[in-house]
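Common to both upcoming complexes is subunit A, partnered first by subunit B, then by subunit C.
Right, the complex of A and B next:
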């Protein structure tokens, strides 16, 4: 009996910090946001409850176009991060020797030590019309006049992929690391070629890591603010920018809160769809890895 | 026993520290970047050793958002522009009235003081007095874009891909003036103002093709201008003066329609806790010897009598290269923003940013 009480107590004590974190920092602010988003300003200092802010989103094509744009570009960035990150992760986990593995992993981590802002400025220095790449091309004679690489969607996608790729590599390395090399050997012994082994053995085994990596990179990309703002051009709107505009430029906190909730719902929906379409569940992927 | 005495020592130390900070007053400034140079803060703290100055840098929109979040608490002195006080006070109740008897208003330029007072008086109480003023207009590289004279010239195909602007309300107003409208006069009739905004939006969407990129802050504007990637832009005068220091061909151009003039003010947040220290700071920075230090940092002109003569020499040269007497007479002061206008303008700006045409 006493033993049971002690167990219960230790469970409560261990769980308390997590519960406090979830309730105080995640749930309460979101409840506040929901309440705020359901208010409508009818006159200075007078508010009433209504769905006006959500209706405004539906009725104004600019807003949902921006949200769809943000979503599709985030998916593209996630796919690119997976395509580029997978070979890197495979090399680190399976091919590199035990000594170089740590070094390679460290090299991947180093960009994280600088802030988003500095990384974006790095890209600006490289891509701008009078920047490093443009000047190099001029010097080699490949182009006759300076070329502008900055201020377009390609720059945004490059910058975002660079920022988030690490969050794809880390879970991939940790799942691939646990894979027994003899499984790959067995695949070859049974007559499979490189592609079959990749498709039938490695990818299914790495699935938990792939799903976890995709979820994290997608969420980070869709919610990023600095990189799209700094690298984007005159036509490239990002949904987080709309939220900022609502809150700061238009003093419309109610609208901004509604947009924030919509972004959360939208990204959750995309992830749910992705899991359904790929036949995965959170329990046997993210929770497992 | 040993543990207890350590604890007692710690307690005593905390109490001492607490008592110490209770004696020294803290003045929490909410102001623009460069409006509180270190040199002036050190001088102020030397003169009033019991006041600590803490500075938070911000801009008009964020100042109001910060004060709105706390109902006017957290800061002791704010410096929004004169057109951002009346509506913000009506809507969010974030400022408190000034006690003018504690401010040495006699040193202020009478025209500016009266203008700010007229704009920020609610129910007989004055909410702000002027501090620094300057203009928004154009900047051009004389050698590459000698013909850049009007807001509309930013959309001149001659400079295709070589101009920039900030997608904020200044360019909406400037473009409206260049189309022969008077947006400030239309503030009293919001329906008419919406009509003007729609016309301005069409014009600026058409103009998008001509723009290289929208600048977001003084740094990226300076980089584009100094590297020659653009030859002209909408700008704050202070940014143009800073670039004039580095390249004498880059000058501030007051647009033919009149440069748009702003006045940054002193205003007390509603729940400010150090009013006396705030009044001391206001009177301190208005002293002639401190005005020069302040203007050297801000690049703007102090709203005191003879403020232009108190500019440091390099800034004086830049101002003289930019403004003639007629330009000064032609200044258009930002009119009070009535409630609702920010929302209309914000929506127009979103429309322009999202448009892919042009």
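Right, the complex of A and C next:
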């Protein structure tokens, strides 16, 4: 009997920090956001409940265009991260020797030791009009005048892909690592060529890792703020920038809260669609890796 | 077709070096069509490397491999008509049984109707007609085994390679699968090349067995030949159990001779192996436990039909294992000798009893000691 009580107590003690974190830092703010987003200012310090903030979003094309643009560019970044990350992960998990594997993995992690700001600044140093690439092109004589590589969509996509690719590589390496090499050999032995083996065996096997990586990178990209602003400048039109504007520039907390909720709903919808299309569930992808 | 080679698989002086280490040294063999061939050897003897060369996952450093008379050197694994059952089977967990078997047919561009017919056909031949829609994790160990074989056999290979596929099964199932594999091989009438370190698997199933040691083939022969007429000391020691004595030859002729063991006991033998044994050379003598007769010291009258060799000792312990029971006898010179006994449960030998051990010179296999050891 006493033993049972101790078990229960230890469970409660272990569970408490997690419960506090979920309730205080995740659930409460979101409930507050929902309430805030449903308030409309009708007179100074007079509020009433309505969907006005959401209606404003629908009626103003610039808002939902920005959201769609953010979503589509995030999907592009996710796809690029997958295309670049998969061969890297495959090399680390299957081709590299056991000794170089750890080193390569560490090399992928090193950029994380530096803050987002510094990493974005690194790209600015490379891409700006007086930056390394522009000067190099001038020096080789390929261009006659300095070229500005910053403040366009390409710069934003490059910077974002670079920032999030690690979160694609890690789950991919861990799923590919669990794959028995003889499975690939069996694929060849039974008559498959390189492409068939990749399409019918390696990718289906790695699917949980692929989906997990895509969910994480998509969420991170759609919710990122610093990189699009620094590399895209005023043209970036990232949806997080709209949220920032509502909260800070226009001091319209009600509108900002509504936008925040919309971003959350939108990314959740995209991920739900992705899971449906790939036939995976959250339980066997993100929860596994 | 012009290939009239009576052999499905031939290896001519095949070698494989990894850096300065040679895993396989000048191995040659040929396997007649439709036979069950085993390669038996201790772990690390190079048998897996040899199999991977036949399948095409490794290129030999020297020699030639021919399938149905045609060299397959330089042919990638997916173009060789050699299929392989992997050690852990390597069934594809993301496909169901039907898709696993159909995979190879799809790779070969077989039409959908043909695939359906062939898959159903092979499932019936392995006596699992209704498992097509099952997932791999829903199958039992023995069923997985059969699916792995069916997945290869549906492609009608010239040679089927099996890399210790029974290793992961429990003992009872392993015994049953041994018989089943042999029956499947008869049924498909395809050449099976079976790799194992388990001698009973090799002896039970094979038409021919090759004993491999340190990258070389020691002997190729039928299981009976290997057991009763081993050509080298390694084969004699590796296949079956043996008592072993070292000694020096005192007298020798074409058929046998006399040896004095290191313990100073005289022993007569019949020469095994090819070379005649010189007088004065150091030799190893192997005697199998089942050829040693154990007689109680009191029942000396039974010694009438004495063998050529005799030792006296005391029963040290009894290793009871049903029909395969054995006793350990400590001889006068202090060594332990194993002998098979039939235990009836009535008036059996007990530890501490004095016994005579008797065996014939014909059963004492003698090999000249190699190197300085």
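Remarks
We adopt the following convention: the second predicted complex is superposed on the first by the 271 of 289 C-alpha atoms of A that agree within 3 Å, B and C clash if a C-alpha of one lies under 4 Å from a C-alpha of the other, contacts with A are read in each partner's own complex, and residues count from 1 in each chain.
Keep in mind that, in the parts below, a contact is a pair of C-beta atoms (placed from the backbone, for glycine too) under 8 Å apart; a residue touches a chain by one contact, two chains touch by 3 or more.
Please read these numbers as outputs of a predicted model, since none were measured by experiment.
Using the contact criterion defined above for the overlaid structures, shared-chain residue A:190 touches subunit C, although it does not reach subunit B.
In the superposition on chain A, A:177 makes contact with neither subunit B nor subunit C.
More residues of subunit A are in touch with B than with the other of subunit B and subunit C. With both structures placed on the common chain, the touch criterion links A:242 to subunit B but leaves subunit C unconnected. When the two structures are aligned on the shared chain, A:200 is found in touch with subunit C, with no touch to subunit B. Residues 180, 182-183, 185-193, 196, 200-201, 204-205, 207 of subunit A are the ones touching subunit C in the complex. On the side of subunit A, the complex with subunit B involves touching residues 44-45, 62, 65-66, 124, 128-130, 148, 150-151, 229-230, 233-235, 237, 242, 245-253.
The touching residues of subunit B, counted against subunit A in their complex, run 61-62, 64-65, 68, 90-93, 168, 208, 211-214, 216, 220, 223, 227-229, 339, 342-343, 346-347, 349-351, 353-356.
Only residues 55-57, 76-79, 82-84, 86-88, 90, 92-95, 103-104, 107-108, 151-152, 155 of subunit C touch subunit A when the two sit together in their complex.
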